[in-house]
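Below you'll find the structure I mean.
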Amino acid sequence: MLHANSAVRIFVPLLSFIILAAIYVARQRSLFIRRIYGLTAIEEAVGRATEMGRPMLGVPGLGGIDIVTLQAVAILAYVARIGCRYRTPLLVPVADTTLLPLMQETLQDVYVSEGKPELFDPENVRFLSNRQFSFAAAVAGTILRERTAACFYFGLFYAEALIFSEVGQQIGAIQIAGTPSTLQIPFFIATCDYVIIGDEFYAASAYLTREPVLLGSIIGQDLCKLLLILGVLVGIVVASIWPIYLPLIKSFLLGAG
Amino acid sequence: MSLSSWIVQNQNTLYLLVGAFATLGLYSVLYRENRLYRLCEHIFLGVATGYAVAFTWNNVLEPYWFQPMWDKGEWWLAVLLFPGLLYYCVFSKTYNWMARLIIGFYMGIAAGQGFQAFVNDLWPQIAQSFRPLWPHAAYAATPTHKAVPAVTLPQAFANFLFLVILLCVLTYFFFAFEQKNRAVRGASQVGRWVMMLSFGAIFGLTMMARLALLIDRMYFLLFEVGALPWLHTPSGRPSWVIFGILMGLVVLVLVLAHFNKPDRV
Amino acid sequence: MGLWSGFFHPVHSKTLLALYIAGVLFACLVLFLVLQLIPVPARRHVIRFVTFLGGLFYALEFFLPVAKSGPHADQNVLTPYTTAFGNISQAIVGFTIGLGVINLFQVHLGRLVKRSSDAMFSLAFFLSFLAMFLVSLWHHSHPNALSRALNHILFDGLLQSLDATMFSLIAFYIASAAYRAFRVRSLEATILLVTALVVMLGQIPVGTYLTHTFPAPLRVENIRNWILTQANVAVIRAIAFGLDIGALAMSLRIWLGLERGNYFD
Amino acid sequence: MLRLLQSLDRRYLYALLLLSVTLPFFVPFQLPVAVTPATKKLYDAIERLPANSFVLVGVDWSAGSRGENRPQTEMILRHLMARHLRFAILAFSDPQGATLGEELAKEIAPQYGYVEGVNWVNFGYRVDMVNWLKAFIQNVPQQVKTDVRGVPVANLPVMQGIRTARDIAMAIDITPTASYQYYIQFLTQPLHMPLGVGLTAVMAPEAYNYVDSGQLVGMMAGLTGAAEYQALFARQYDPRLPLHSRVNAYSNANSIAHLLIITFILLGNVAMFLERRGRLRATRRG
């Protein structure tokens, strides 16, 4: 679909309104969200690295500045914050040149806000390569040479995911991964200690920081999902009872703008 | 014979030797991190970066920027250098905030494109979920003149299963409440099980694609490199010499691994 | 880049062109210094505004109504500019390749200067970088027999081989990951294991041969297809629903400047 | 023994895997093959084509999926040549496709006495698939203009009687991507032309829907599909082919490697069970 049709013009603003309204409500009073298992393990992983006196590794995936990678940056910033408290450095290899300044800025902010700007070493954030497999080769090399004790993989991953997560597993690092690339989740499950699945990834920064805006957003997303389920059920009822109207609904949803 | 004509004449041999070196060098990491792997890794970084820079110039900056600006005289394109160089402000303490201007602009672009991506990904999936739960005959005449195919009993049953799986998995992904209710907890648990079913399937599915890559690499070594004239391989047959070298390396690695225990830190 | 040609006219004399470009660059410098005059507290709002502007173009282009017929069918006022906008933003991003190169050079020059134990590898990095970079540029602008041969050796022989080898390395890792992880430890792990095995058997001739006398629904390739086309689709769709909504929410927060936490405060 | 299996150095697994993918190249053997219906349908569709028909072969793969797609392409080309059908190679997804298809065709052509330009032609790599196909339907020689060698296709003997795409008897697309769906939408469905595909194992499940609905006349799925196709082909045309063919070597290597990994997974589990039981007994005695 190149342009919005009427269904899009009705439903996207409606969904957006729900999310924004939930954010507004969340600013007034505190809201609850459930436990996300992989994320509770971050502190444990940082603790392990600190005990062993080894650095940690955080890979923000292959994406550039996009929605998924920004979320990944937020999660890695949290990891760096915990690491900063324990004086355990986080190595961040990036695969996109525009992400390099963003990542450096973010980590510097973290160290400044924790009151330890002197601990921040810009060389910990490194551009390696924007080519998928040379990036993978270099990350694998980094893991093996630095013997990173904890590895965090958050962001967009493709086939290369298995290369570094398996290498990390082989040297016995504690590993936590989360990605919206559903096809890579099986490989993370086979190699990592904790994996967060699907949109737990988007819920992560809300869960970690407890920012009202982010919590509200999560509640809004839940309401949107309820609405989606309702829509699917309505469609199923129509398809079952009045099948001749099914093409009408489909063309309303999918017709050209 | 000059060097350049020698290179041109022997380019295929050089191509094969370089390829064989790259293959064995990277595979050496299967034993452990070592100097050969590190060399290959750095060469890989070097050629990949060199290629990326040349590619950016050849395919992006030259055709979209330099050529129109310098050859066609479109001088106003010089202004693009400004936002491009703003990124480099990140290296300065005073001007550092200006890098955020351009980074913010691109974040905005990503967010703006998000609407179209959202609709194009989600809408068809919603429409395809409208599946009848009981059988019916085919209809030719509908308000939009599109025929509706018949639905058989097994299809209807499959559709029912589809709905159940969809709802169970979605239940797992609700965050707003503790999953205390038994029905909710049960649905969410089933949701996790079917997710594992799906993930196992994806794992198995990917196996063939990855093995095919390995087989193809072996074909490269045994047949293409094996066809080098001084190996005296009969044409169309794999090279025993290369096979011998490979197996020799394998035995060497196994013996070394037995005595060195490379996994111990 | 037809975006501005309506307002400006190309200049064809090279001297004049150089002057014009210098003028543009000077104007950019002035703009840069003016931007620096923005008081610190206001900068955040400027960045937010720029972010909003970046998103506005694509959002409006998607949502504004389009002509139903005529020469501009399926277009609205902004559609004709998408190509130019895309090219411009690609060119701007093109300038950032230098950021990566500077970063790589900092690291490897540092190692060379310090003559650390890894200096040799940094040297290999620089040599391969230069070789690939120069050959690519040369081959693009003035191709001849030698440049073609060198490109063949470096690009097809080295870079492609390194790529293919690293990719095929996954075959080894997928095997060891499967061996280690697929154990009957819990119900979830068992489901993962069993479906992976069924799918693997269903995609090799021996597997299909084992069950080819069974009734159709029990043949291993049909079970594999059922898992992959029925259960798998439902699971992936349910996950996609949540992911898409999550991405929409994130887009909204960034676009409207609501995002909180690191970097955004 | 138990201890060994439980904590087996992964390098032994790697070594066995390497052995299992190289040995089949040296030691030809034949594993039993059961032909699945989808492959049989594709084979029969080509068998049904009238003599001297013209077939379009989309070679939309590159080095990344060569291991799976090349054997499939090889079998299709062999079958077309054995039946003395004319064919054209065409690539959309990747410029490499046209080159790889050409190399392959030239490798097998002598065995069947095929001559480029007379029996087959390479249309080369084309961009903008959708719009290209729209113009291609109307006038084939005018849209193609020249083949990869730069020879105008209108004068080639192989193109005799081919004016519009309606004169093409069948299309086949071999691809690791969704390019075959564009063939369905913009070429074969509008013209009611049969379309067969060779797909990587990853892409195959999705395509079964199209086989069911008849939009695809048949398909080969991954290496296994190629091996099944070869079994069918050998039965009819060349019984001696399979043993030494590359398709067979690839497929054998794939099967053995799969079986090796399956065996290892099972052994790992057996060892875990036995060890668990042993541990239980030990605690009871204690």
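A few remarks follow.
Should a chain be cited, it is by its letter among A, B, C and D, assigned in written order, with residues numbered from 1 in that chain.
By definition in this document, a residue touches a chain if its C-beta (ideal position, glycine included) is under 8 Å from a C-beta of that chain, and two chains touch if they have at least 3 such contacts.
Here the structure is a predicted model, which means the values were calculated and not measured.
Under the contact definition, subunit A and subunit C share the contacting chains B.
Compared on C-beta pairs in contact, B-C and A-B come out with B-C as the pair having more. Legend note: the chain whose CA centroid lies nearest the centroid of all displayed protein CA atoms is B. When chain centres are set by their Cα atoms, the one at the greatest distance from subunit D is A. Mean C-alpha positions place subunit B and subunit C at a centre distance of 10 Å. Separation between the centroids of subunit A and subunit D, computed from CA atoms only, is 37 Å.
Subunit A and subunit B have Cα centroids lying 18 Å from one another.
Taking the mean of the C-alpha atoms as each chain's centre, subunit C and subunit D sit 29 Å apart.
In subunit D, the positions touching at least two other chains are 10, 14, 17, 64, 201, 205, 222, 224, 254, 257-258, 261.
Shared interface positions of subunit C, defined as residues touching 2 or more other chains, are 62-63, 93, 96-100, 104, 160, 162, 164, 166-167, 169-172, 174, 176, 178, 180, 182, 192-193, 197, 200, 203-204, 224, 228, 232, 236, 239-242, 247-248, 250-252, 254. Multi-chain contact residues of subunit B (touching two or more other chains) are listed as 26, 29-30, 38, 40-41, 44-45, 47-49, 51-52, 87, 90, 100, 106-107, 110-111, 114-116, 118-119, 129, 166-167, 170, 173, 195, 199-200, 202-203, 205-208, 211, 213-214, 216, 263.
Contacts between chains form some other arrangement here, matching none of path, ring, star or all-to-all. Contact annotation for chain pairs lists A-B, A-C, B-C, B-D, C-D, with touch applied as defined. Listing the residues of subunit A that touch subunit B in their complex gives 1, 4, 7-8, 12, 31-34, 36, 65-67, 70, 98, 101-102, 104-105, 128-131, 133-134, 137-138, 140-141, 144-145, 147, 170-172, 183, 185-187, 189-190, 197-200, 203, 218-219, 221-222, 225, 228-229, 231-232, 235-236, 238-240, 243-251, 253-254. Against subunit D, the residues of subunit C that register as touching in their complex are 160, 164, 167, 171-172, 175-176, 178-180, 182-184, 193, 197, 200-201, 203-209, 212, 221, 224-225, 228-229, 232. On the side of subunit B, the complex with subunit A involves touching residues 26, 29, 32-33, 37-38, 40-41, 44-45, 47-49, 51-52, 87, 90, 96, 99-100, 103, 106-107, 110-111, 114-116, 118-120, 123-124, 126-127, 129-134, 136, 139, 141-144, 146, 148, 151, 163, 166-167, 170, 173-179, 195, 199-200, 202-203, 206, 263, 265. Interface of subunit A with subunit C (complex): residues 2-4, 8-9, 12, 15-16, 19-20, 23, 64, 67-68, 70-71, 73-74, 77-78, 81, 97-98, 100-102, 105-106, 109-110, 123, 126-128, 130-134, 136-137, 159-160, 162-163, 166-167, 169-170, 180, 182, 186-187, 189-191, 197-199, 201-203, 205, 209, 211, 213-214, 217, 220-221, 224-225, 228, 256-257.
Across the interface of their complex, subunit C is touched by residues 10, 13-14, 17, 31-34, 36, 63-64, 201, 205-206, 208-209, 221-222, 224, 227-228, 251, 254-255, 257-262, 264-265, 268-269, 272-273 of subunit D.
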